[in-house]
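Both of the next two complexes hold chain A, though its partner changes from chain B to chain C.
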Partner chain A sequence: MNKENKKVHTPLFTTFKRFDMPKWQGILIRVGAIAISIIISLIIAMIVCQGKPIDIAKFFFEGATIRPWKLFLDAAILLGFGMAILPAFKMRYWNMGANGQVLVGSLVSIIIMFYLKDFGMKSGFNNFLLLVFMFAGSLLASIIWAVIPAIFKTFFGTNETLFTLMMNYIASALVAYVNYVLAKGAKESPGVINMDTQTGWLHSPINEYFIPIVVIILVAVFIHIYMTKTKHGYEAIVLGDSINTARYVGMNTKKIMIRTLILSGAICGIIGFLFTSVINHSINTTTCGSLGFTAVLIAWLSNFNPLIMALVSFALAFLTLGTSKITASYQLGSNNLSSVIIGLIFFSILISEFFIRYKVKINIKRKEKEEPQKVEKVEPQEIETVKEEVK
Partner chain B sequence: MKKLIKSLFALLMVAALALSVTACTTKNDDDEDGVGTFNENGELKDANVKIGLICLHDDSSTYDKNFINSMYRALNNLGIQRTSLELHTGVGEDSSCLEKARELAATCNVVFADSFGHEDFMIQAAKQFPNVNFCHATGTKAHTENLDNYSNAFASIYEGRYLAGVAAGLKLNEMIKDGKCTAETAVMGYVGAFPYAEVVSGYTSFYLGAKSVCPTVTMKVRYTNSWYDFDAEKAAAEALINTDKCVLISQHADSYGAPEACEAAKVPNITYNGSTVSKCPNTYVVSSKIDWTPYFEYMIKQTVKGEKIDTDWTGTIATGSVKLNTIGKKAPASGTQAKIDEVKAKLQNGSVKVFDCSTFTVGGVHLTEYLADVDDDGTFTGETNVIKTVNGVTFFDESSYRSAPYFDLRIDGITEINAAS
Partner chain C sequence: MFASFLTGAVAMGVVYLFGCIGETLIEKAGNLNLGIPGIMSLGALGGAIGVNLYFAIFGTGDIIGIFLMIIAIIMSGLFAALGGLLYAFLTVTLQANQNVTGLVLTTFGVGFMKFIGSSMDQSLLTRASRSIKTLFTFYEDLGVFGQLFFSYGFLVYLAFILAITLHFVLKKTKVGLFLRSVGESPQTADAQGINVTVYKYSAILIGSAIAGLGGLYYVMDRSGGTTFVEANIEAFGWLSVALVIFSMWKPTIGMVGSIIFGGLTILPNYLGISNVQLKLFAMLPYIFTVIVLIVTSILDAKTSKPPQGLGINYFREER
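Now for the complex of A and B:
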């Protein structure tokens, strides 16, 4: 009997859900955390660059704001990727394949742009038709790429995280292969397609950044309405909370899952089309960089709230451009400082979120035997609060 | 619904902010007449020139590090502060290159990009900012784009490889003499990156250099289809040694894969760019490299003076752009350095041509005419006859119609083991 009591393990830390924190206090903690991380970043930057803090700050703001359209475009693209994964994530379908889905969309519209350039050159209307074909092709390809893992999950119970990740590699290998074919094996890729004639290039009013920004803002508004105001969105959320509940109330879970992934794929298709027709006019295996994964961070950090996602995307784009200017102006020779600063700031935000949501109690070892039992009693309650939180 | 209206409003505010901030930005206008003068030592007097450098990877890549260090040397030679340089690394071969070029154009007088795939984006930026010079390494399109402010640059590295080939040939002669192989089994192996003209031109010049001193030599080529892949390069070198019975290896790829495989198998190795004498002391023979310092100095000087930069600039042994690293201590045959110096002098005075048509055959015939794909017009077919005869010597005139290599012939004596169709 005594032995058993000794074996009961007391964790050093116990976390409790907080209910008592006023809103202003939460905001203050967040602002404080960001401020501290910025100060630490500045100190690190000063050591690495051996520059004055005022110069570093100047470069940072100059880099971020010197070309505001570019800043908003970067933020919009991040937001677009975030929107692409949001419906699936709400459904607890971990779509790690946004990169691949955008890549195949962009790839198919590149192929159409390449082979139908003579058709598109004939007249303005033909060029418009070409753009329509490119858009349709991109949409279709991305939807197919997103739905394949969804079909396997619904019918064969495969793991979607691994499946979508693998689809990224297939997409990038396809891109390398198609580039090789389009360049007739003489070089790695044909480069920018139709650079002289600009056939299949979508020209924006105001400037080339305008259309992508506006389109992605519209997509974000649409997704927000879809998730909060429509039956389809609601069904996806119910499915995410509990698949058994969804089945019990008579929802067709397979249909919901595939339908939601069609939506995800369609958004990727839109981004892919924008990449081809407005932004890059070319494609390579690194076109998407790590945007599809950064989007996961943005979505989680924002608690899947589209408005906060927009703000976080903007902050990330701002940080990236600003720190890139610092590394360039001090000739650091790599972007590692940039990664460190962005990592630090996001880490501090995550930490502050944790302390705003949970209270941590440190269990100092005591000799009373009842102490461990108390902790055990807390646990079920805690799980419930976490569940509520997720809802 | 209230929340929805709120978020819509916020998004509108963001968009409005975007527009208002843009309205405030102004375009930078540089005067076309240059930005400074030089003193009698060739150093820049006024330090108001700004240089932008765009690199594909960061300084952990040997390829990009070579450009970065060359730029530092150039700045140092010209007496320009390092703060005049803005160095962007990790810039992909997509619109991010265009965006970086545009960003740099706002503050810099000259912008340079180092990777082949950057070219199309540099051209777009050059069209947008006619008062800023845009220069690009390894590109092929400057001579057809006809822009005053866009230029390509490369070096006649085939001359360096030819010299390295001479060292390889001498080593083979020594091995034949020592009975390690016979004249018939003197087979060299070559690890190439891609089957493109840049690589073909490189290995052919290497082969011809070896053949000039060891007439019976043949060569086998394996491609890795990557510019940097340690494992693939190592595997290719091992296959060349074990399967193809090659007795000497060279490579055109950027990792230590092939040199390490050679050191393990005790096979002499001729490397590219960096000397491997410290890592592979027993097998390192010699290596050739491109030094970009002379070009950077020229590019900055022309920009400062406000004069046009050559549309296609090809660095040579004479300009100091093509160099050989110090030869190895153990592996090279005796007399290697003397022979290299002798051939180097002949290359410089023009009495030896690397691609002398009398020294090689294609399909059993000596070339009298060949249409090379010099103009990169998207057709991938040859249009320019590049065979010339000067002073009775008929040769393939590499790198004179444009700076980037266009020698893509497969000559007799070289076998490609795994070429794609």
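Now for the complex of A and C:
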């Protein structure tokens, strides 16, 4: 190519990496992005519902705050899912299977609860034993579900993203099948198990939301300590940062990976047990909704910080309850407005991340070039097919 | 019986084939798009809006199939490509993490389809579906042969044509060579004077539009326009992504693979089993996918490797 004839092209935008942004500014940008996306979502809601903005806002806040315990429970469950996937994600292990892991855990404890009903009814102690069995079953099932993909990942490098996703659908088919079997083929689902005797139900003080919330807060604290203060957590982080470094310093990477996934599975098992024994006493394929996915996004975009994850979980639970009230009030038939809003919020957070990490500068007709070491990246429409450095 | 099973397998497999071709094109440019389920949902929604648009323009009288098809395809491709544009902007221009962006797109796309779709008139879709389900009306005269090859709607043939076209573009043309080099090593491609950004954007936009047709095909043709909101497009999207791995990034193998995946999806209906067992056998395609994932990773053959730059954003200044 003829260098002399090639005009030096100065891009309209240049982006620099930022190092100096104060923390509050970053938070402000993120909050601003979230606010903008919520406004956009409410405008969409307004158009679809054809209602007054005041009404929509009213329904939104009413729906979110009318049952504060439910709000806290939803937030806690979302946080629980986040905590289940956090250790694995720190290792750069994309566990998309939290849904499936929780489902099988819950399913196994449902089965135990259903078939050991007579045993549990005999005495208070037997009921306690039944709960222990249910807990153990749930824990074991979830751990197995989480560890299977991990084993193949460690030994053969199998793609864990798709593997865990498929495990979700397999779990979901199992749930549909077992529900049919428990209902003796008469209906799709047996509904609430042991409705009459309440055998295998864990009675929570204050109300049914109390135990799950407390347990998940404890789990979150535990995971935080595990990741920041223990050797195990540290090893997982090193593995995620650089697997070669981990190998070089003599860590057993296979052991670490499987151990961490056992922990992930165990947390899913705890949530599954809570679903069965305290919250639902029943199971269906949509028990987990898309919590597993949402939790992945929360964990990633909170930078794996448990406190931020808790706040974001709370905000999303607030949103989901609020929007479900909107859709119910306007009889929209499906509560997917929340997924739309959650999608928009995460899109805007992703966009805002760019502005936090980079500084964009508009170039107005300049002859001299930028200092090369500071140029981070260039807007696409302005990239020349060949960019020659002309000295 | 077997002929009807095979026909069903092809018809079901086309949903996956569209997704697979689209994702293959995107992955060849080095981007792992986990937003395919969302993009397919957007395509389905766009197609449904296209159908409504058609009836708004031409009235609800006799359906002119070709116009209906064109409008539906354009709208479906447009919606899906818009989803793709968002993904491309975030991952190529703003350097966002590809997996996370894809997942957000899936959450958004699936939710958006169900949210808007729930307030849509289903009867129009059902009517439209009936008019496009068969392209060649003479197939019944040809017996089994006709059923196997000529009993489908236009989109089925389009899917296979696209797969073969993509194969030739990737293997035989300069554009294909450049695209593959962008996916393998954007640094090298850039040094060669290939505009990495343009290639990535084009591949993602076109790939998304194609994947979106999978959603359109499912709601309009395969399901007969009846199960729009309940449509399990999300699962089909994931299976499409898995099919890409099964096909070893080759559209020709993808065509065969799609029929296998389609066959496994509809197989339980042909086994003569009870409703209860049907629920259990619904996991067949997923189990098969798991086996495929495991076997391909164990074999670790040289030919089955993904593009080397897959999933990694290209920072131009990090050369």
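We adopt the following convention: the second predicted complex is superposed on the first by the 332 of 391 C-alpha atoms of A that agree within 3 Å, B and C clash if a C-alpha of one lies under 4 Å from a C-alpha of the other, contacts with A are read in each partner's own complex, and residues count from 1 in each chain.
Criterion: a residue touches a chain if its C-beta (ideal position, glycine included) is under 8 Å from a C-beta of that chain, and two chains touch if they have at least 3 such contacts.
Bear in mind that the values here come from a model prediction, so they are computed numbers and not experimental data.
In the superposition on chain A, A:48 contacts chain C only, with no contact to chain B.
Once the two complexes are overlaid on the shared chain, A:84 sits clear of chain B and of chain C alike. Looking at the shared chain after the overlay, A:216 reaches neither chain B nor chain C. By the touch criterion defined above, A:225 lies against chain B but remains apart from chain C after alignment on the C-alpha atoms of chain A.
After overlaying the two complexes on the shared chain, residue contacts for A:146 are found with neither chain B nor chain C. In the superposition on chain A, contact is made by A:189 with chain B only, not with chain C. Contact with chain C, but none with chain B, is seen for A:354 once the two complexes are overlaid on the shared chain.
Shared-chain residue A:110: touches no atom of chain B or chain C.
When the two complexes are laid over each other on chain A, chain A has residues 185, 332-334, 336 in contact with both chain B and chain C. Considering their complex, residues 34, 86, 90, 92-97, 99-101, 103-112, 114-116, 118-119, 193-198, 201, 229, 235, 238, 241-242, 245, 274-277, 279-283, 286-287, 289-290, 293-294, 297-298, 300, 315-317 of chain C touch chain A.
Contact residues of chain A toward chain C in the complex are 1, 48, 94, 96, 152, 156-159, 161-163, 165-167, 169-170, 173-174, 176-177, 179-181, 185, 290, 293-294, 296-297, 300-301, 332-334, 336-340, 342-344, 346-347, 350-351, 353-354, 357, 375-380, 383, 385-386.
Residues 3-4, 6-8, 10-11, 14-15, 18, 21-22, 25, 58-60, 65, 68, 82-83, 85-90, 92-95, 99, 102-103, 106, 116-117, 119-121, 123-124, 194-197, 373, 378, 380, 420 of chain B are the ones touching chain A in the complex. Chain A makes touch with chain B in their complex at residues 65-70, 72, 183-192, 195, 213-214, 217, 220-221, 224-225, 228-229, 279-284, 286-287, 289, 306-307, 310, 314, 324, 327-329, 331-336.
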